[in-house]
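Here's the structure we're looking at; comments come further down.
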Amino acid sequence: MIVILKQEARQEQIEKLQHFFTGLGLKIHMSQGESCTIMGLVGDTTQVDEDMITSLDAVEAVRRVQEPYKKANRKFHPTDTVVDVGGVKIGGGNFQIIAGPCSVENEAQIISVAKSVKEAGATLLRGGAFKPRTSPYAFQGLHDEGLRLLLKAKEATGLPIVTEIMDAADLPLFEQVDMIQVGARNMQNFELLKKLGKVNKPILLKRGLANTIQELLMSAEYIMAGGNEQVVLCERGIRTFETATRNTLDLSAIPVLHEKTHLPVIVDPSHATGVSRLVKPMAVAAAACGADGLIIEVHNDPKHALCDGAQSLTPEEFQDVSNRVFAVRKIMA
Amino acid sequence: MIVILKQEARQEQIEKLQHFFTGLGLKIHMSQGESCTIMGLVGDTTQVDEDMITSLDAVEAVRRVQEPYKKANRKFHPTDTVVDVGGVKIGGGNFQIIAGPCSVENEAQIISVAKSVKEAGATLLRGGAFKPRTSPYAFQGLHDEGLRLLLKAKEATGLPIVTEIMDAADLPLFEQVDMIQVGARNMQNFELLKKLGKVNKPILLKRGLANTIQELLMSAEYIMAGGNEQVVLCERGIRTFETATRNTLDLSAIPVLHEKTHLPVIVDPSHATGVSRLVKPMAVAAAACGADGLIIEVHNDPKHALCDGAQSLTPEEFQDVSNRVFAVRKIMA
Amino acid sequence: MIVILKQEARQEQIEKLQHFFTGLGLKIHMSQGESCTIMGLVGDTTQVDEDMITSLDAVEAVRRVQEPYKKANRKFHPTDTVVDVGGVKIGGGNFQIIAGPCSVENEAQIISVAKSVKEAGATLLRGGAFKPRTSPYAFQGLHDEGLRLLLKAKEATGLPIVTEIMDAADLPLFEQVDMIQVGARNMQNFELLKKLGKVNKPILLKRGLANTIQELLMSAEYIMAGGNEQVVLCERGIRTFETATRNTLDLSAIPVLHEKTHLPVIVDPSHATGVSRLVKPMAVAAAACGADGLIIEVHNDPKHALCDGAQSLTPEEFQDVSNRVFAVRKIMA
Amino acid sequence: MIVILKQEARQEQIEKLQHFFTGLGLKIHMSQGESCTIMGLVGDTTQVDEDMITSLDAVEAVRRVQEPYKKANRKFHPTDTVVDVGGVKIGGGNFQIIAGPCSVENEAQIISVAKSVKEAGATLLRGGAFKPRTSPYAFQGLHDEGLRLLLKAKEATGLPIVTEIMDAADLPLFEQVDMIQVGARNMQNFELLKKLGKVNKPILLKRGLANTIQELLMSAEYIMAGGNEQVVLCERGIRTFETATRNTLDLSAIPVLHEKTHLPVIVDPSHATGVSRLVKPMAVAAAACGADGLIIEVHNDPKHALCDGAQSLTPEEFQDVSNRVFAVRKIMA
């Protein structure tokens, strides 16, 4: 970490700062420039609060040289992490498609979708039992009944299940779930992350709508620091000024994340775009630029469903996406 | 709500949609234009999922005419809500300054700051016991011990206390707290909001870094729908491309919120800017454009504190801010 | 266009508005709802200033039903436009790679790069003679000398040339250029667009860093309204809060643009990411989601160039990108 | 400037880089850390292209210590610049209100508005003759006829005039204009900036919708580098995800700009908010946080004008704003 001091920094301010940094066990290299003095900090600077130091009167700017995350950092763990979800491997060359309906609605629906997506190449089943909804008046999911139905679908198809948690108090209900998803709006719900760090189960961590790649990695670090290193990251669109799509899918985050971390990275084209006809091009593009997997919404019965054009694909459309995704992966191999 | 259908929408799609809306108890007015058909929905559309309808194949666009929030909506509650925090009123012409240190550190500190800010015009005491930190390696607050010290400071000064909750499981610890704060990163932690809707205590709800004004009001609606209508909103800066300030303080949100809702709106210039020397101009500007209060970080002992230039003001600086804020309020009255 | 009136709109305000709209030759359908009155405008509303109407006292909101662009609108021109650049076709199934150095430096350089990229599959040559630079102290390009060298490279290889204009006053110098590029920072330089509308030459119009898809189409409309309908659009990254990449490449803009317009859409992965090692994944991803072409920076002599790791690819790297791009296109066909 | 090298940087890469920097006349201080090597550059680094260096293979990151602007930099010119516009001074304690209609429409209108705003405290007259419009089909202004009418209004009232230029080719028409405005969309029209650098007339430079404070200063530097140091900066709202206001007025940019530059800074609350009823609170807030002036839209005849609720104030509303602005300035003095 480099601390650039102001020209007008007083000696006592500099000494107070030096004292503070040495108290944290850091070594300091001072170097005097023409128009400023630079303090180079050597040692473990992950505990230094960059914002706080930046706001000091004597400080012009702070520049981090080392990333503030350790366990998630590829520098210290060059080999790809492979996450095992009920026997299905993600990362390190293993590519998986997680598919299923937005919400679990009833037994027939979830089992039917599970069978269709398995046939079309999905290896993991998704389905929402606890639904984060902007409006308190909207349907909030079937809760424990939804989890029970997901397990029935797992029984029927053998697909391990992935589903979202919204409150750490519900953790006991998730005991048989194979992978716990943290939604975008909870990416910085630090108390939830801490508790998931104590769970012996893979976590699917979605990037927040307005969170940087570094913040995503810091949230992964929260879980890993607790002892649970089975984390899969998920890019699902960020919030920008553009309103033509629900979010802006940040596909360049995939190769960037692969440089910075050893954790697997998957992409959710359904939530990013919000429109089923954009799911196919973005799913294939995600595979083309190196994603380790996809999570895609598929519904079962387009003839009777209201949402026949929604962000969910039909099983046939999903089959087409799946075929092209695997073909593109061969080219990029 | 207006649903604009595509030119190529098929009759069966339109009928399915009509059936769906009438099933929700809505009346439909169809009107045929040159290049599209428009469906006007009359009735309570708060339960309609705009995103879902937008994504239907037959639908070109959906435009809400009525806001999706009811209890927070000024249209249905024209009079300003006045929130009472331990006897101190916010809103409806009542302006209050909440002040105190970023974190509660020890008894001497919190009591000393409490006394200083009271003398300088603050009527409520803030102080963090549970601290949301981006890094798992950073200090996370004194927790229940911090709450205990805050109560001591309240005893010493009579100032009601405001402090942040990060996990609904900690609610029993907050029984004697006068106002519970929901931080920016938890603004869409819907499970927490639901539980706060059942609490008989005022809530300070901070706007998320990337949340729209409408989403802020929907989160307030979550709390109010549970029965707790004592909500104070807080603008604290949003995330933009600009990096010269930590966040971009969106002061025009204040008059906009005052049009849309009857709830009080306060401003946090300390977290928005991250630099103490920007707190004064932005605090006064907030008062100038109609804020119902401010929440400002003040620390006690600049001589020995490391953070003598941080986002916290000294008691003397705070006094100066306080004087000017009240003078500007007189001009704007 | 739908104008939603406020409940409290006065009769005289409504009449004034009706008078205004009929004066523009529009027909008005009034429809009275429970909590508001809606004015539906039928006719050519492209001339109506949405912002101005929105800001009227009597108006709650304005919703456009029809897009404000006509000539660029796929609704009125369902067939793909094919743009011919010196005999090389873009759009309507024709995919082209434009390649070349960031800046034209000297004759040897530009001819050498032109030969390399031609061999590796590029069909058009790019190279900057007028360079938009944030700093007035940075190198601004070789200007007319640069254009002369580009023409030499065209002579040597047969590749038509694409280069950026920054000032309409320079138009006479561009007479032999095959395609004129409008850079991101000039996307809303409306006077330049108007003048390019009078030119009989294809235009490559780059999306501005903070411009919406609709604004990009409105800028294309400016050129087309002048009579020049040979416009190719280019996505090159937008400005967001993320700082890990120079810009955020908005690949979902490609399928969205293909729905809204008949104009070809290409992608610039070099400027979007700013780092050569991200060019390959993003170039292939762009092809996967339907781009009609790519514009890529390639430099000639990595051994002596300073910028051997910059956003430019070596000819070998470019060959690899080119191969994979064409392979992916086959899969998506 | 600090260049942080990667751990794996090869010696030849480092030497090539050193050679490049010494070739620019810079001195290099190398310092070896545990996990990286840092190159400190001493000398005039304004000519170094940060983006280019960042993209080199051997480079981890580049951090600027000195700002890339010199003439606009307060460090080198600690005293406030006072800009004289036809005898009216802005900056250095001189506060001015520029007011007038959005567009010049006819002689009666512009003279009537000019008289009203003068009476209510405005000291400079604005009015658009060349109008930047998103749509080619919208009214584009009266052009030279508009400039002629503005000069008539100046004659009638003595108010110096401020009006926007959109094309450097029109410069001869602006000879009698007192201050030339560069609109937000042309903030990085570098060729226009260069030509304005050769003009002997004050320039009002508006911040682009998606431009950082540093980019605004670099654009001012373009004008100043040409020899014209009479530049006034204008904050007019930035583009964010929020849609409740047309733009997000970034008022904290004012105190930040005052730290970084000696140039005067004014605020345009009319364009930022797009709604007249938000102009008053934001105008007063701008004065509260230190603006050196305001530019406000005022129209003349609300009874007959269509836009009686638009972003323009009536003369009476303007009078009220003006009174409160001057009262707040006294408090902040």
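Letters are used for the chains, namely A, B, C and D, taken in the order the chains are written, and counting of residues starts over at 1 for each.
Just so we're on the same page, a contact is a pair of C-beta atoms (placed from the backbone, for glycine too) under 8 Å apart; a residue touches a chain by one contact, two chains touch by 3 or more.
Everything numeric here is computed off the predicted structure, so don't read it as measured data.
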Farthest chain relative to subunit A (centres taken as mean CA coordinates): D
Subunit B and subunit C: spacing of chain centres that average the CA atoms, whole Å: 39
Between subunit B and subunit D, centroid-to-centroid distance (C-alpha), Å: 32
Cα-centroid distance, subunit A relative to subunit B, in whole angstrom: 26
Subunit A residues counted as touching two or more neighbouring chains: 210, 239-241, 243
Graph class of chain-chain contacts, one of line, ring, star, complete, other: complete
Residue numbers on subunit B that touch subunit A, as the complex places them: 13, 16-17, 20, 46-47, 49, 51-52, 54-59, 68, 132-138, 166-169, 185-186, 188-194, 208-210, 215, 218, 221-222, 225-226, 239, 246, 274-276, 306-311
Touching residues on subunit C, where the partner in the complex is subunit B: 2, 4, 29, 31, 33-36, 38, 40, 42-43, 60-61, 63, 65-66, 75, 210, 239-241, 243
Interfacial residue positions of subunit A with respect to subunit C in the complex: 210, 212-214, 238, 240-245, 248-256, 272-273, 277-278, 281-282, 284-290, 324, 327-328, 331-332
